[in-house]
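After this come two complexes, each holding subunit A, first together with subunit B and then together with subunit C.
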Partner chain A sequence: MPYFGSEETVKELKRALANPHVQADRLRYKNYITKVIRYMTQGLDVSALFMDMVKASATVDIVQKKLVYLYMCTYASDKPDLALLAINTLRKDCADPNPMVRGLALRNMCNFRMPGMPEYIEQPIVAGLRDKASYVRRVAVLGCAKLHSLQPNTDIDGSIVNELYALLRDPDPVVVVNCLRALEEILKDEGGVVINKPIAHHLLNRMKDLDSWAQSEVLTFLLRYRPRSDDELFDILSLLDAFLQSAHAHVSVATLRLFLNLAAAHPAVQADALLHTSAPLLATCGSASRELRFAGLCHVQQVMRSQPGLFGTHYKRFFCGYSEPSYIKFRKMEILVELVNDENVALVLEELRSYCTDVSPELAQAAIAAIGRIARTYSEKCLDILTGLLALKQDHITSAVIQTFRDLVWFCPQSTAAVCQTVEACVDNPQDSEGKQALLWLLGEHGEQISSAPYVMEGYIDGLKTELSSAVKMELLSTSVKMFLCRPAETQDMLGRLLHYCIEEESDMCVRDRALLYYRLLQRGVEETRKAVTGPKSDPSMSVLTGRQEEPISLWASTFNTLGPLSGRDLCLQTDIISASEQPSSSAEEELLPGSKDVTLSSPNDTEEEISLSLGPPLSHETFEKMWLDLEILHRQTLGFPRPKTAADTLQAALQLVKIQTLAFTPGDTVPWKAYLYTRGTGTLILAELLQEDPDEPGSEGSLVVSVKQQPGNQHTIRGFVAILKSVLQTLHFDRL
Partner chain B sequence: MISQIFILSSKGDHLIYKDFRGEASKDSINVFYEMVTALSGDQPPVVMTHKDHHFIHVRQGGLYWVASTKTNPSPFTIIEFLNRLAALTKDYCGSLSEKSVRMNFALIYELLDEMVDFGYIQTTSTDILKNFIQTEAVSSKPFSLFDLSNVGLFGAETQQSKVAPSVAASRPIMSSRGEQGGKNEIFVDVIERLSVVIGSNGVLMKADIQGEIRIKCFLPTCSEMRIGLNEELNIGKSQLKGYSSAVRVDECRFHQAVKLDEFDNFRILKVCPSQGEQTVMQYQLCDELPCAPPFQLFPSVEKDYVNRVLIFLKLRCDLPPKSTALNVSITVPVPKGSVSMSQELSSPDQTAELQPKSKALLWEIPRFPGGAQLSALFKVDVPGLSSASLLEVGPVSMSFELPKQTCTGLQIRFLRLSPTQTGLSQRWVRYVTHSDSYTIRI
Partner chain C sequence: MSASAVFVLDLKGKVLICRNYKGDVDMSEIDHFFNLLMQQEEEGLVCPVMSHGNVHFLWIKHSNLYLVATTNKNSNASLVYAFLYKLVEVFTEYFKELEEESIQDNFVVVYELLDELMDFGFPQTTDSKILQEYITQQGNKLEVSKTKVPTTVTNAVSWRSEGLKYKKNEVFIDVIESINVLVNANGSVMSSDIVGSIKLKTMLSGMPELRLGLNDRVLFAITGRDKGKTVTMEDVKFHQCVRLSRFEGDRTISFIPPDGESELMSYRINTHVKPLIWIESVIEKFSHSRVEIMVKAKGQFKKQSVANNVEIRVPVPSDADSPKFKTSTGHAKYVPEKNWVVWSIKSFPGGKEFLMRAHFGLPSVEKDEKEGKPPITVKFEIPYFTVSGIQVRYMKIIEKSGYQALPWVRYITQSGDYQLRTNN
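On to the complex of A and B.
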């Protein structure tokens, strides 16, 4: 933080440091040097004192030396010519009889980040590699890496690399690990340090001598090693077995990662390793350090993707502590939802119920949503709780409950009757736009079961002028039309008023266009409208009992014990952006033609079948393949007819018309026939696979099966996408008939 | 690898900044601070990303301890390293606060210089570091003579019931050489964290104990120390308890320096403690409490007049009569519409207030003797009260500290330094149980 009068301060310090009286008094002199460092930390530019500080480095006082070195390393790049003056002192120190002084000087000399340094430090580094004190060798080994980073484009010095490989046999464990680190950096362009069999075995044998930091780092390096035979593999694993239970979380997790990667071909070994590490992982979830707790929880979630049952008996460990920060509570709730089973459901629900009245609205809403997720399997108990919550008459709770009801009805149609009864009985309506939209959707879809529906809707139509959110208005339009179809007598008048208002007075174009669309649709007749407006009332693809599929461990083993699981979706998106920008041609094209390829089938935010798809920048085959492997299938549907027997390019062209890009397909009549497609819609990327099994095979019925993956997930878009895809394929199919 | 490490105060002042690799600008401190203060509650703030730069931070002692990196390292390693850095700072400076970090910044730079080189962790062991650290700590709280005489009075008794002054262990491990008296101390702390959920019917629904044995050693050199635990200590779920007063834990893990050759038969840990604080053993016990939960609550919540809720709390402490719970605080969430509260408490040292921000009432009891029962009556005014609002009262959460008490019953039988150290060395054993999370549903 720069202070006012900073120039004055610097001048004053300069005067003091140059004052011979101060220089004579060791303590006062050191005090002033300390002050300089203090200002430097605070962000004040004290580089003007460089000369005086160089002078101060010629001292026997090691503390003072260290402070001055810190100063010089910070400012060396700004004052390269002055920094050269300090080098003489440093080089002299590199030959000091005291190993500590030698190491200190060498380390700091290598830290000077300025051009011209390499010629001065090369010789002391080489000498340092052969120093008899391990402290100096440690510094010198990393000095090689620093030297390389100062001159990144020069050729690699083979003699140094060889010397470093030789030093892997050094008696000092830190030297060994530093050698690995230095080699990794120097040989980065060639794929990093080579871990061959002798090196791997040497490292494994040294594991016990290393401290925990070095252990976890060596374990990461060993990920690169592929054992020749199963015997060797099992020897390595049994050697490392003890580390799975290490008292240091980072060691046990690093060991687990190595196990999962090495034993990729032996699922039983992987499962066993996971079982062994579950105790240390659970312990980190209860650690005193919140940050460690969070990291533990994120990794528990990863493990649960493949082994949902592993933590089943420990569900109580994921109950939230009242003083925990909300980012931990959210994770715990996500885990609790996954762990619910017949025995613990009552206790888990009771626990979640107590979070619903939390003072933080976000937390309360998340808890309600969590109960909603459980309701898909245990609807009765959950509905009781949710209904009870409505009695609290808290805006944010009501809104969250209504939204939960909407999702529940969609995924779990058998709960519809109970939900409608509750909605009917609920007196006050949600106040925020998400809640309003959810309530309106429920009224529109199930209006015939809620007797008061038209009156609730009338309230919204009357208050239309004060409604700010256009999403709510659009939802209101859809709801009114749907309601009109099932209860025309009560609704006709208000629908008229609504359409009139939206067409004549509404300023938002999307709402106006939507109103016009419905108006024209109604002009075509009620039956036409019904055909267009009504869709499925529940998710046709999901049956209640399908739980989450267990994923293979290999899907996540590569990101285990990295920042990935902690930063959640953000990091994935980031890498996506990076991978997209790796194809400069396509992104440039995209910039030239902003949105020109977009075709809006209808306005966004619709609930049902209308969504807009766009092609966006092309995906490369590699990116597609990678994402296809990373994502999980969100939707799978049997289309009910075989693949169109048109020529490949006709199919491709037809799909392009609706902005679906075909990436690859199997030629002609090969069986099974497959095609891979992708498109973009409402900010998400959709990947799809069409698959036709051999029609002669029993059970396949010769029908096309479409599997959809999406990032980030949005069920609406998927439904829209599938509808469009289906209609195109259907058209092609019947055309050929 | 780490590219920068910095320590910020809660207000964003730069206390320590060290750039190890020169691959990021100094600007990143401000970027980090802006990001961390702009966070809303629902984002995970441990890892944050700005362009290709990841910030990993922990909060300790009210400070932000941040590491930034461009690679994708193990989060466990970085978090544990930052925690270790904070612990070492505490060891060397005596306490962990903005003030002590400010006063000892030269020392912390020196520590960092030895701990990390070019972004790679070199060592964090006090045994190695003490050879290189030359700066002397400036203690923010001078070690007063009064404390010294206090410590001397009780003498070196290990099987004692006396408690060392709680501040005795919060001083720098390497304070000025030459100063004598009370310096050769070793503290062995058994610390348990209790997390409990009690259902509305008074039934124990969840009980977890996370415990650890921590040594804080001020001896400059220490040869092997033997710590004897309860002989009848059982480990694992399988063993039957029988009729003896056996102490049981589910599992335990040890520091890698602990020698366990006498553990299986005699429950003796052998360790050569290095200077500073270290955890020699961690253990946990799940789903079961060997003793009764320390507090039972008998609440009653009623609607009084039109706009008033009566909350009557009767709290009983089920500790043995000789022990006492300290700093007991009880938080009761009240309806969101509450505006004011009046209370009737049974003694003047208790306090109670309505916290408008968290919509909860806080009842604080500084001392709560075992076997005692306290009650309090709160009248909360809630305009527009409905009967459903009563559902918003609860769950009650408590925090407290139980000195001289372990819930598992784990005890240290003896503490032997062998061979006997020259000079007087004082050995202290302290027990404490903290409430990690103690929730009682209404």
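On to the complex of A and C.
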């Protein structure tokens, strides 16, 4: 940034530097040079002084030399012709008896980023590689990489590469690592430095001499090496074992990454390594530096993708501190959601509840969303909290709660009744557009359960002129049409007004087109519209139940300990709200497409047999046993696939979702495996047994067999029941493959 | 790792000093950094990694400075952060305080250090003790080419120079334990742990071999001894000088110490500790008129021990005025710029209980901004005492010349992150 008077300043400096009296007084001379550098640092263009500065490099004062070199490096690319003049001095310094001076000169000469340099620096670099001072060798080795980056398209100099490979055996550890770094840069196009067996073993033995930076990098380079045999692999791993607990977080994480990649074929070893590093990882999550804490949390999240239980007992470590920055709090909340189990759910919810009233609206909303995620498993407790939050009458909280309700109903249909009741009782409507959309969606999908729905909607239709967001208008259109289908008498008039306004007066084309679409659809008749508009009311993929599956380690091991996980999906909970808010409306789009019905729970060929099941009053074990013995098997069917390998409670929850109660089942992997279920449908009670024989036994194909008993008998209901049961088990089974 | 360039920026985003190591990222990219940061701050979504195009900014903040590393590779993020913190550490050791002024006043040394710390984007010599041997702040004095490569730069033992001499050979060992406690508003302890560290101040001649004995439970189990109190340490980390293989093998902590001050090891103990100073508080806020605060502090440690320099910080609303205090001991002070009351007690004996009452006025016109609920924080120091009961059993010092050296041991327990949430 040249400012007024800068030219004067430069001229003055030039005069001073050229003044023989100043040059004679070393101290004054140096002060002027320092001044030049100060101006350079402040952004003043002092490149006009280049010649005078080159002269100043001929000095015995090493600090002055450094300053002049710095100056030359900065302006060399602007003044290539003048910079060439400086090269002689630099080359002379490269032969100085003092290794500090040699190193300094060589390093700076290599930093001149201008064409024509290679021919001057190649010889000093080669000489530097053989220097007896390791300080110079360190510089020379990296100089090779700089030389290559100056002329990226020329052929690789084989002799230099060979020399660098030879220097991997240098006694100085930094030279060794610099060699790796340089070779990696030079051989970038050929896949980087080659790590063969002798090199790998050499590096492994040198590990303990290296500083922590070098250790981290060598561990990364070793990722490239594949041990020949398991014996070698285990030897390597036991050599590295101590580094898993290194004092430096980055070393222990780098070691873990190497373990995970090398032992890809040995899940037990991987699991053991993860167990060993859980303590250092947790320690990083409590590190004094926020950024390292953040990185630690990201690593924990990655590990949890495969080993969700690893940090279960340490959930308290992920409670947020008051002064922590929000990016850490967001991550911690994401982790807490994953760590919830029967024992800690009360404490975790209490903790999250206290974040909901945070001053930062983003944080509060993320906390509410987190409670919403937990609600998919522990609906009741969470619904209580969320309902309680509505009473605070804070706009951003109300909006987030309503959005959470919308997602909850979508994923957990069993909570619909409770949500509808709460929404009914809630007097304040959300003020922001996301909240409005969520409320409208809820009204549209479950309008028949919310008696005040038409009045709320009427309020929105009356205020349409002042509504700015077209997304809200679109949602309002969908809601009105859906509501019209279930409560025509109350809504016909307002739907008419809405369509009229949107078609005649609306300026946003998307809204207008949507209104026209609904208008034409309604012209085709109510039944046609119903077919097109109504779709599944809950997530048909049952992602709630299968979402928490463990991923194989290999999925993330390759990006572990890199920048990716930190920046890739930033602030997940936040995007969760957004993506989820898009979800139902995009499914609304899908609903308009014919054929999307196949994704519904009952597969298409059963559609005419669709029955509604209900749980009814619970059945005691004794009653079940008695009835099971009394009744006869009415239907037996081989399902054609083995039992899903999900955890027992997942299976139980999945069946409960379709209103089938599990009464008892054999634990774990015991064979034969059995489960007893019951449900009610079309006025009958259905009892069923799932049986899986030992797959090794002749005659059984390891497939599930279902036997059904019923009272009173109704073949139609049995077929419907079996179809539903089959589709649930199938979903779980294939999700686990 | 490979950081392309390192920048030091002031709070307005102006570059104070920078160093282009690799030349593969345009130096003007840094102009986007501050805009991105401002944008994220506005959205309340600040993140320590930011990207503009294919350039990533990894940044940390220290006092009134931003330290930013740029990279265009998917490099190891924690390594880059560790390096930036290393920069802070080295600069702080050179200038005492690292802030805008000290950077501007010492730009020559900063340039020199940046030059040695990293080359072509790779960390080189980062140990500040070694750097201090050949980069000095007195560099401005004219010295005629006296600078030599210090032996440490090339030494086998990179953390210690050869040929050190002391008249009196001594080692001071400080065992310091910090307690982290989080208590929620209902008074139940949410989490607590102990972070311990053993610090050395070494004043020994030559290249001595040291061996440290602790009452470590694992060691006692190995050797079959079972007397006295033992401690199970988790998550033990050592200075690079400690021979890890020996520790893994027979739990011996043996090492050649760095000269001067250093941290030999750190550990964490994850047991449920009783909060040493227990606080009960009642904060009653009467809108538009006043706030009444009652705080009761109790020393829950041995009667013989005394906690020194106890500071209990109680949050008050930012618009509070006209403070009035009453304390049973110590004195209370209102710190309006931090919105808290500090109740300081010079010495707080174990088992004792003290009380403070505070009264504040509130303006009749309330301000709109919502305030958070900051916790009560406590600071203290208890000498001659460790919560975990860890003890130094012996320190053996062996040097070729066979001199006698004295080890001195000191124990301190202090507060770490010690927070008690309030109900208000």
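We take it that the second predicted complex is superposed on the first by the 561 of 737 C-alpha atoms of A that agree within 3 Å, B and C clash if a C-alpha of one lies under 4 Å from a C-alpha of the other, contacts with A are read in each partner's own complex, and residues count from 1 in each chain.
Methods note: contacts are C-beta pairs under 8 Å (C-beta built on N, C-alpha and C of every residue); 3 or more make two chains touch, one makes a residue touch a chain.
Just so it is clear, the model here is predicted, and its values are computed rather than measured.
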Clash or fit (per the criteria above) of subunit B with subunit C on subunit A: clash
Which superposed partner A:Ser134 touches (first subunit B, second subunit C, both, neither): second
Touched partner set for A:Leu222, first subunit B, second subunit C, both or neither: neither
First, second, both or neither for A:Val60, with subunit B first and subunit C second: second
Subunit B versus subunit C as contact partner of A:Leu392, first or second or both or neither: first
Partner chain in contact with A:Asp172 - subunit B first, subunit C second, else both or neither: second
Which superposed partner A:Leu27 touches (first subunit B, second subunit C, both, neither): second
First, second, both or neither for A:Ala418, with subunit B first and subunit C second: neither
Subunit B versus subunit C as contact partner of A:Pro99, first or second or both or neither: second
Contacts of A:Pro325 with subunit B and subunit C, given as first, second, both or neither: both
Common interface residues of subunit A - those touching subunit B in one complex and subunit C in the other: 34, 37-38, 41, 43, 62-63, 66-67, 70, 100, 107, 113, 138-139, 142, 145-146, 149, 174, 177-178, 181, 211-213, 216-217, 220, 245-250, 253-254, 279-280, 283-284, 286, 289-292, 294-295, 316-317, 319, 321-322, 325-327, 347, 350-351, 354, 357-360, 362-363, 561-564, 566-567, 570-571, 574
Partner subunit B, residues of subunit A touching it in the complex: 1, 34, 37-38, 41-43, 62-63, 66-67, 70, 74, 77, 100, 107, 113, 138-139, 142, 145-146, 149, 174, 177-178, 181, 211-214, 216-217, 220, 245-250, 253-254, 279-280, 283-284, 286-292, 294-295, 314, 316-317, 319-327, 330-331, 347, 350-351, 354, 357-360, 362-363, 366, 388, 391-394, 561-568, 570-571, 574
Subunit B to subunit A touching residues, read off their complex: 1, 13-19, 21-22, 26, 40-49, 54, 56-59, 72-77, 79-83, 105-106, 109-110, 113, 117-118, 120-125, 131-132, 134-135, 193, 195, 197, 199, 205-206, 208, 210, 251, 253-256, 279, 282, 284, 286-287, 331, 333, 336, 358-360, 386, 388-389, 391-392, 394-395, 397, 399, 436-437, 439, 441
Subunit C contact footprint on subunit A (complex, rising order): 26-27, 30, 34, 37-38, 41, 43, 60-63, 66-67, 70, 98-101, 103, 107, 113, 133-135, 138-139, 142, 145-146, 149, 172-174, 177-178, 181, 208-209, 211-213, 216-217, 220, 241-242, 245-250, 253-254, 279-280, 282-284, 286, 289-292, 294-296, 299, 316-317, 319, 321-322, 325-327, 347, 350-351, 354, 357-363, 559, 561-564, 566-567, 570-571, 574
Touching residues on subunit C, where the partner in the complex is subunit A: 1-2, 15-17, 22-24, 43-51, 56, 58-60, 71, 73-79, 81-85, 107-108, 111-112, 115, 119-120, 122-127, 134, 139-140, 142-145, 147-149, 153-154, 156, 158, 180, 182, 184-185, 190-191, 234-240, 244-245, 248, 266, 268, 370-375, 417, 419, 421
